[in-house]
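Consider the two complexes below, in which subunit A is the common component and subunit B and subunit C are the respective partners.
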Partner chain A sequence: MSEPILRATGVTIGFPVTRGIIFQREVGRVQAVDGVDLELHAGETLAIVGESGCGKTTLARGLVRLQSIDAGTIEYLGEDITRRSGRGLTDFRRQVTMIFQDPIASLDPRMRIGQSVQEPLDIHGIGTPVERKRRVQEAMERVGLNPEHYNRFPHEFSGGQRQRIGIARAVVMEPRVIVCDEPVSALDVSVQAQIVNLLEDLQRDLGLSYIVIAHDLDVVRRLADRVKVMYLGRVVEEGTGEQVYTAPRHPYSSALLAARPVADPVRARSQQRIVLEGDVPSPLNPPSGCRFHPRCPVAQPSCAQEDPRLEHAADGHGWACAYPLEP
Partner chain B sequence: MALLTVENLRTTFRTDDGPVGAVDGVSLSVDAGQVLGIVGESGCGKSAMSLSIMGLLPKSAMVEGSIRLGDRELVGLPGGELRRLRGAEMAMIFQDPMTSLNPVMTIGWQLVEAVRLHQKVSKAEARRLAIEGLAAVGIPSPEDRLRSYPLELSGGMRQRVMIAMALLNRPRLLIADEPTTALDVTTQAQILELMRELRREVDAAIVLITHDLGVVAELCDEVAVMYAGRVVERATVDELFARPQHPYTWGLLASLPGRNLASERLHQIPGSPPSLLRPPAGCRFAARCPFVMDVCRDDPPPLTPTGRGTAAVACHLAQDVRDREGARLSGEERA
Partner chain C sequence: MVRFLIRRLLGGIFVVLVVTLAVFVLFGPVLRWNSNISPARLYAGKNPSPEQIERVSALLGLDKPYYVQYGYTLKRLVLGPSQEERERVCPGSTAAECDELLGRFGSSFAKQRSVDSLIWTHFPVTLSLTFVAAILWLLISIPIGIISAIRPRSIFDRVTIVFVLIGQSLPVYYFGLLALYFLAYRLGWFPLSGYEPLSNPGQWLYHLLLPGLVLALQFAAIYVRITRSQMLDTLSEDYVRTARAKGAGETRVIVRHAFRNAMLPIVTMFGLDLGLLLGGAILIEVTFGLQGLGWLAVQAAQRLDVPTTAGIVLFSAIIIVAANIVVDIVNATLDPRIRLE
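Here is the complex of A and B:
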């Protein structure tokens, strides 16, 4: 296979846990992301799924260098950019951009939409004023925003239109990679479909690569070529969408998939349910052995001691479980 | 007999820009032991309707029409009487449990108060009921939890405490407004499982409000689809999924990624819902409807029985067209 666009190796990100009001002292560290490897190839979509708090956003922010990492490396087109700064970092950020669940939260409410879309170009000093204007118009058109919207303010837009603005801000940079953190989670189904289609169109027309984080597993199935399932900061299963969805080997992936409500009353009534009990444990104090063992429906005594490593089959499908499910 | 009967309900908010008709002539009913699902996208009036039933609207709202709980009319009932009914005869659970829970009081204190507000029992008896209530919703070591504060619990546990509180006085009507929307799928599955059990054990009528057709399919007996303040389609859950009748319902079903894996491109409903400040004259879906005809823009289609059970639809399309399109849609998915 060709050289990946983006490669992360052993990425580990922790946050200090502090006590005290005036003299804050560090009493521990939350390991939000713990040794994650990842490769993203040109034109593909890689999805990251898992319950809230498992480290998806932290990993994404680390990958685009919005969050410093404690250990590991990030390579862009074969070059190590983990510790780049200044000009080199700016260049990287032009090519790897990010969109968020609520793009409006990051917009200045007093700035007109056109200016907001242009802002990243201004920040990076890209093009002449005339060129910037042209690129903004192109980007807005591409994402289905009307040129008349140029002079409006963020609050005048509905959820779907807001997400289009967020996407326009990302594509105006003409990036190669977009990291999308929960891009459709706040949207109603009818609008969600518009944004899913838009992301697919942009990928095809602009040759983009995506990393998509989403908690809607059906949306992920639609968009992703490959999927990684995370639990408490670690990747517990990875493979093609087909591998992970139709033949999950890790009991956590299987339980996550089984928890999806089925939009078919006849199937919903007949479905066997294994409801995953309890909550995700605190990452401050992760369980011993396999981190999933306290909730695992097939755990054996040894699971409380031995921490399984992510192992791969010949077809690339990988799982971190000592007692994997039959395919 | 229906436990809850809503007839021609109109809920209007007075705002600086003019009146907002959040609920515009909605009629529906639910029997004891049944779950009625209300689906529709955000802003279509689902919460305004449930708050109208509970008598929890702000002063800026005006409610017209009829809401009957058993044979008692709720519209126009004095505030004091509504308060007595709330928490006793009818209860509501919300997307955000902190809507009903007080962050600075222990869970035990809140549950005991909720019991004693409506039942003449000793503190000890109220405490026993509170522990029983927490156990019934699957909270581990319920006695210890009485001493906890709401924010010490996880989101899913807080949701359970709120459900326990709503059920303490054995209400006859339970309204659940997006109870799982903010939760992870795993926690959602736990809460849905809990609601399924409750439905078997308490003989209450449940109104479940959601924007998720998957949740409807999992839990409801009957469904009302709302669009821009109105009910556009009503049917049993099996009928709705097997023979959907309204173009909006078709659009919703076709845009679900999980039901349409094989389609090259996900169906999308163009545009967005109309403003309820100045809603269009005829069918409110007309601007987004692929089947729109001239009559649709002028005359609002009335909710009319389809002839199959209790099903009804508000659409000017001829019945045979609706049957054909609806069948095609569910046929395609099965294929």
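Here is the complex of A and C:
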């Protein structure tokens, strides 16, 4: 395969836990993301799934440098951008943009949407004012907004339209990569499909690569070429959508897939359910050995001691489990 | 917009009406029953005879039932003094001379002047003081509040919080006296008291700077707090993160996105505080010998000058109602989410 557009190696992101009001001291660190590798190739969609608190949003923010990274590197087109700042970082942000989860809160309520979409062009000083406005209107048209609504305010739009504004803002820079953090989870189901279609159309027309962070497995199935399953800050399984969905090897992935609601009640009744006991353990004090072992239905005594590494089969399907499920 | 204004104005007029009623009841019947203070007696001079009091009563219309008196008060407030009254009180004088003696708010008992002319004499002092103080407190508090919010829990932030607490806790009259003693009396940097009209801008500012600063510090303390907490709120908003993702620099993020949204509640509070202060900053005016509305109110109350006291109360109420309406309009222009219909 060709050189990836975006490559992350061993990315680790932690948050300090502090005690004390006047004299603060660090008493520990929550490892939200712990040594994650990923590669994103041109024109492909990579999905990262997992339950709340598994670190997927933190990883997304780290990838666009909205969050500082403790260890590991991020390379864009072979160049290390982990420590870039100032101009270099600004240039990177022209190429890699982001779509956020909550389209209502992500738009400045006091900015007209045209201004909001145009702001990246202003910041990066692209084109003349006339050209900028034309590009904004093109982007609005491309995402299915009426360009005449340039001077309206965010509160005048519906949830789906606001997400379209967010997408217009992300594509107006003509980026190579868009990181989508839960792009549809705040929307009505009927609107979700429209936005998913829009993302697919944009990918085809503009040759974009996506990193999609989601917890909705059906949306991921539809969008993603490759899937990574995260648990407590680590990747526990990765592979093509086909591999992960039809033949999950890690017990966590299989439990996650089994928890998916099924529309057909007959099939739903016949389906075997794997119910995980308990909550996700605190990342402040992760379990020893395999991080999943306290909740794992097939855990063996050795799982409490040995931390399994991510192993790959010949077809690229990878899992981090000492006792993987049979395909 | 026009409909909103009309509705808001009608509401404001209603509030003012209620205030006039309250003022009338408090300064008329209640004062009379409770303290046995009769306006006629006060007006009649020293040791008046019962006949004199009766004559004054008739002259002032105090022998009429209360509802007639209230009706007359309202009529005079809206239309001004009647022609009949003008001819009775100031026969043969020009309209301007007569305005000195008669006005919408009535006439002072203590001075041979109308309450209106007293208010218009003293109001510029209060207006100037409020103006200088307001500019000072915004200049002090907003930058400090923003810096504290950008670096929460930093040394700067903590020191600020201590000063805010001190500023909020020190009463202005105490702090004002300290400032007067050290800065004006011992060091001689500022005048000890008094007011110079705006016709001499240098002297005007020189006389207002110290009282303005003392007043400003009190308010700045509160405004630092709001600015800080509002900025902390908006800085954690998703649209601020969006702005950063767009590649915006910190200055742009803070000024264009965070502060523009954080200032909405600050503007609201600022408008209401201005209204409140314009009704007279009693403590500071008395401390610094500035003869503004607050000072006038204290004088009038001490001399049992009922019409003047009542007039100032009513005047302040009108200003506060007006400030509320202005705040609503300003908010609607600043925040596109607020629709005035």
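Keep this in mind: the second predicted complex is superposed on the first by the 327 of 327 C-alpha atoms of A that agree within 3 Å, B and C clash if a C-alpha of one lies under 4 Å from a C-alpha of the other, contacts with A are read in each partner's own complex, and residues count from 1 in each chain.
Just so it is clear, a contact is a pair of C-beta atoms (placed from the backbone, for glycine too) under 8 Å apart; a residue touches a chain by one contact, two chains touch by 3 or more.
As the structure is a computational prediction, the values presented were derived from the model and not from experiment.
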| item | value |
| --- | --- |
| Side-by-side fit of subunit B and subunit C on subunit A, or clash | fit |
| First, second, both or neither for A:I123, with subunit B first and subunit C second | second |
| Partner chain(s) touched by A:R110 [first = subunit B, second = subunit C, both, neither] | second |
| First, second, both or neither for A:R93, with subunit B first and subunit C second | second |
| Contacts of A:V64 with subunit B and subunit C, given as first, second, both or neither | second |
| Partner chain(s) touched by A:S158 [first = subunit B, second = subunit C, both, neither] | first |
| Which of subunit B and subunit C A:S85 touches, first, second, both or neither | neither |
| Inter-centroid angle subunit B-subunit A-subunit C after superposition on A [Cα, multiple of 10°] | 70 |
| When both partners are placed on the shared chain, which of subunit B and subunit C touches more of subunit A | B |
| Touching partner for A:N197 - first (subunit B), second (subunit C), both, neither | first |
| Overlay on chain A, subunit C to subunit B nearest C-alpha distance, Å | 8 |
| Subunit C-contacting residues of subunit A that also contact subunit B | none |
| Complex contacts: residues of subunit A adjacent to subunit C | 22, 24, 64, 66, 89-90, 93-94, 97-98, 100, 102, 105-110, 119-120, 123-124, 153, 155, 166, 169 |
| Of all residues in subunit A, those that touch subunit B in their complex | 51-52, 158-161, 188-194, 196-197, 200, 215-219, 221-222, 255-256, 258-266, 268, 273, 275-277, 279 |
| Complex contact set, residues of subunit C against subunit A | 153, 158, 237-239, 241-249, 252, 257, 260-261, 334-337 |
| Residues on subunit B engaged by subunit A in the complex (per definition of touch) | 41-42, 154, 156-157, 184-190, 192-193, 211-218, 237-238, 241, 251-253, 255-259, 261, 265-270, 272 |
